[in-house]
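Below you'll find the structures, each written out as structure tokens.
Below, chain A partners chain B and then partners chain C, in two separate complexes.
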Partner chain A sequence: MDFGPYLFLASLEGLVQAAVLSLTALGLSLVFGVMRVVNVGHGEFYMLGAVLAWWITSLISIHPAAGFLIALVLSPVLVGVVAYAADRLILSRLDYNPEATIVATIGMLYVLQQLALIYFGPDARPVEAPFYFRVQFPWFGYSGYKLIVVVAATGLLLASWFVIARTRVGLIMRATQFDGEMARALGIPVRRVYSLVFVVGAMFAAVAAVLIVPIRQAHYLMGLDPLLLSFIVVIIGGLGSIRGTIVAATIIGMSDGIISVFFSPTLAKMVSTFLVALVLIVRPEGLFGAKIR
Partner chain B sequence: MTGDVGKAVWLHAGVIFTLFAMQFVLPDYHHLIATRVMVLAVFAMGYNVMFGYTGLLSLGHAMFFGTGMYTAGMTVYHLGWSVPLAFTAGIVSGAFVSLLLGAIALRTAGVSFMIVTLMFSQVAYLATLYFTSYTRGDEGLVLPAAARSFSVFGHVVDLTDPATRYNLALALLTITVIVVFKLVRGSTGRALVAVRENEPRTQMLGYNTFVIKLESVVISGSLSAASGAAYALLFAYVGSSFTSIQYSIDALLFTLLGGAGTVLGPLLGSFIMFYLIDIASSYTAAYLLVTGFVLIGLVLFFPRGLLGALKTRWLPWLP
Partner chain C sequence: MSKEKSAKFDSTRRSVLKSLGVVTGAGAAAQLAPGVLRYAHGSAEPIKIGMQLHRTGIGASYGRWYERVTMAAVKIINDEGGINGRPVEVIIEDDGTDPKRGAEVVEKFATLHKVDIAYGTLFSHVVIGSSPRAGELKLPYFVVSEGHHVASGRLNRYVFQPGITDVKSQVISMAPWISDNLGKKVTMIFPDFAFGHDHRDYFSAAIKKQGGEVLELIPIPPTESSFTRYFPRIPAATEVLYHVMVGPGVLTFVKELGQHFGSNRPEIFGFIDSLEAVDLATPQLEFLEGTYFWEGNPRYAQPNQTEYDKFYREKVGVDDNGASLSDAKDTSTYAHMFGCWETLFIIKQAMELSGYQGRTAADKQGLIEAMESLSTFEEGRDHPQGKKIFNGKIHQSFGHQYISRVQGGRLNVTHTTSIEDGLYEPEADYTRMPL
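And now, the complex of A and B:
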């Protein structure tokens, strides 16, 4: 294959990566932005989403597409329930103290990961794609499902932008993010907003995982990579900035995908991590972030 | 006050002496575990200088541990350096890497600092996997037995001998206890605590808090590197798993369990956690579940850790 088409193929891979990463990182960014909680266990919600998708599709044997669609709805809901429990039982009791919640979410990381190991075993589990068709470009054919993933992720991102920017729920969320104490004084049930945001953030990761699981496999250790990439994204994009998160996810996802195709995934991760270092030297608050008040 | 210092000195000397006496009664298996734990405790005590005393939460200490470990291990393996030289090189490179990382990462604060240290540590981990021809990645390097003995003033020290290893580990631990004890009792230690308690106020009093924090990172990183170098040389193995995020979290866990901001806390935490994991792993492959529950339990019910709680309630003189 010539360089041009090869680069095009690599960009497509990057686009898929960017789409999934945007969703995952947006979850992390929302939770940090509104609650000031760095959820180190975020990657495990992703892992749980993927593993539950495998479990649900393996139970339902009507048609792969039906099983997948049910998993696409049910798995994030189950992950949301887990997140709600974590918020009520752990985070709210810590009063959302930034340092304590970091330690607690590290603990959650291990608990979720090891429970997945106990209940679902150490093997990588494949999930069948809901459909197979190839999009034929002049130089190569490309998986239609991967393109659908990009479209679905973009749709979800637009929908969440709409909710945050244009609806009452979004307004309440933004008010809480802007000034939690003032929001409470104005009668906004801040605790409930926090619970909601934590659940929604976890569900974003789970949806991303269900979308990607037919391409990669479900495995109990799969949560670390998306966690680290999401951290990179939210740092570059500025912690708490949604626009920054999406722009940064696209840059990191594309560069990660392209370098992975041309060189090696290990090198790709090293490069993106050095990008973080560069950004921090120039702008410690991230590219789009405002200074933390 | 002088009475308190006396009590503290006696307590620490007593702990060291107990550890020395233990080697004559411990069965082989526990003898080896105690050796490992003493080396790892140095790592946790180094971590504690930054986390417990200066209030800097790092998730990248595996990088410092790994720097010491790989420098010591690879200079022995590839260049045939002697053990003392390799150990020194491990500490020096740890000091250098921590100075570099500190200078960059300390531009950020709070959660960003935690994430940045995590990122850099991850680069170091990936580097050990990427440069396989030198590090052999996951498989790691096993140091040849011949490279593990050296002579000091005509006396041959053989690191394959368990008693030698135990006492060298104890010596390293003793030096670390003295260093940390002196540090936190002295003016630098007070400055570290001042930064932890209220950084703007410390700044206002005329301290350059950036330099104080950088000092803390370098001391902490060097101690961690010393632990890593000792681990490589004493147990003859260097592998990429030691630079993974798991080890950074272990340092945090040992420190929190024993009590952050107490000299002996990390040592106590290391012993308890090592045995808990050891017992759990004989029952299940998912033994890290213990780590998770201990972290959550500590932060919910016991945020000061064991010695931290003792210090607040009964022993305010504990350094």
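And now, the complex of A and C:
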């Protein structure tokens, strides 16, 4: 394949990767930014989203598009319920202590993963895409659904930016992030904000997973990759910075796509890990992160 | 108040420990019980086969079917009086399709379960990881893996692969057909570990011998979940795309291949591994119509189906389309799993030949020498896939290969290779190794 189309295909793949990664990493970043909780179990919310999407679509045997849309709504809600339970039963009882919550979320990772293995089984399960068309470029064909994933993810990111930057709920979240104690003193129910943020963070991962599952299939071990990539993105972008998360996800997603196509996926992973090391040395707060006060 | 609380905590901890002890004791008793009961009834002590199973991890769909086939074959063996008058008992340990755990499982078989033999491994990296330990523990180890590692001589005298052919034999037997019928300029896509490397090395050599060439080699990590980014490396001059893929991503792989090429595709020759446990009628796989697959054993019942295949299909619970009788969506790993069935009957044959009695060094030596003395397995109920020639020096069987074409959403066999097509000069001689 010539260089031009080659680069074009690589960029398309990178865009899909970046779109899904932005959503997943945004969830992780929100949770850290507002709650100061490093959620190591974040990838399992992603896995759970995909697995539930398979379960929902296999339960209802109507048109695949309708089944998929129901899953797109229902699966994140169910994941949100699980996250709410985890917040109430585990995180809040640890007083959101940063060290204790890391250990607790590692535990959650294994519990969720093994529960999925027990009840869902070890097989990869396909979910049918809501629609299927092939975009035929002069040099190669491409899945139309993948392009829709990019559009949908961009829409969701814009919507979440609007909520955080322009609405009262967003204002309360930002206030809690900026200074939790002051927010409490001003009458903001910080605990409830924490619960809300944890649920929303998990739902972001679940939505990303439902969008990707018709492309990649649901599997109980699928949470690991997005977790690592999300951490990479969040470290580069700056923990807690939403703008940073989106910029970093785009950089990592695109470079991953392009380097994977031109060289090898292993080199792409090496480059992103190298970037993390570089950022940690040169600018530990991340590209857009605020200096720690 | 605080004293009371700590006392309460103490008692809880103690009771927890106590109940833990009870549970452990019960577990141990449960493990001992079956043996004890058997002695009490006066029947013979069973021959224990430790099955190293890919129950979880990337080999899980194979594992599920390997287990079913094993249970079906063992039931027949036991119904017919067992081996040397002793019943066969299968003890399963999950290796997670992980080489490190594989070696631990072998160890557990030898020291904890005290099995007579270990058996049943598919994924080549697990075989390679487990074999040295089996050799050190002097535990006969029967794999159903396809890899060339057994025949290559790099393992040890305790490892056998009698029930399924190896990749080297498969590809050299089919290379002439591919170059005559599909084309000479080949691009290969294969998983980047031992099994895929066998394909890379032996098929490349075999196609060169036919006057063909390999234009590009595209290795893919076995845990990969996205494949589109590899496809631009397929050169435009490719006449035949040769693919073999394993793991949970196989369906994504073929779907993305279809999206990439559409109807404008080169000839495609795949190993059915790329579609094992996947229904051919899945949406978006229509582009495979007219492409070719290697099959170790034809998934769809063919017009000239033998009575043996019919019997085998029924016993392992598979319908004429290669899916489970109880769930039409549960597609089997038909091209590979016959190896379990055949291996078990070969083990029985060798144990009867050597008069195998128990886990003594002499009995194990006798079993291994008996295995090495075998030479032919005739097609029949015990060998439903077809006749095989066994080479005792390299511990490897040679048999027929099937090339099938996708027609009307099913696989029809269009060419069957002869056993001779797949023979090669032995590269090793295990019989010279000390026991």
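By definition in this document, the second predicted complex is superposed on the first by the 293 of 293 C-alpha atoms of A that agree within 3 Å, B and C clash if a C-alpha of one lies under 4 Å from a C-alpha of the other, contacts with A are read in each partner's own complex, and residues count from 1 in each chain.
The rule is short, and it goes like this: a residue touches a chain if its C-beta (ideal position, glycine included) is under 8 Å from a C-beta of that chain, and two chains touch if they have at least 3 such contacts.
All of these numbers come straight from a predicted model, not from anything done at the bench.
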Problem set entry | Larger contact residue set on chain A - chain B or chain C | B
For this session: Name the contact category of A:70: first (chain B only), second (chain C only), both, or neither.
Result: neither
Exercise. Taking the superposition as given, does A:122 touch the first partner, chain B, the second, chain C, both, or neither?
Worked result: both
Exercise. Does the superposition put A:148 against chain B (first), chain C (second), both, or neither?
Worked result: neither
Exercise. So, does A:266 touch the first partner chain B, the second partner chain C, both, or neither?
Worked result: both
Exercise. First (chain B), second (chain C), both or neither: which does A:132 touch?
Worked result: second
For this session: Check the residue A:104 against both partner chains and state whether it touches chain B (first), chain C (second), both, or neither.
Result: first
For this session: Would you please give the residues of chain A that touch chain B in one complex and also touch chain C in the other complex?
Result: 117, 122, 266
Problem set entry | chain C partner contacts - residues on chain A that touch it in the complex | 1, 5-6, 9-10, 13, 17, 117, 121-124, 126, 128, 132, 134, 136, 140-143, 215-217, 219, 221-222, 225, 257, 260-261, 265-266
Seminar exercise, completed: So, in the complex, the side of chain B touching chain A is made of residues 57, 104-105, 107-108, 110-112, 114-116, 118-120, 122-123, 126-127, 129-130, 245, 249, 252, 256, 284-289, 291-300, 303
Problem set entry | Residues of chain C that touch chain A when the two form their complex | 55-57, 60-61, 63-64, 221, 224-226, 228-232, 236, 248-249, 251-252, 256, 259-262, 277, 282-284
For this session: Name, in rising order, each residue of chain A that touches chain B in their complex.
Result: 32, 38, 90, 93-94, 98-100, 102-104, 106-115, 117-118, 122, 224, 228, 231-232, 235, 239, 264, 266-267, 269-270, 273-274, 276-277, 280-281, 284, 292
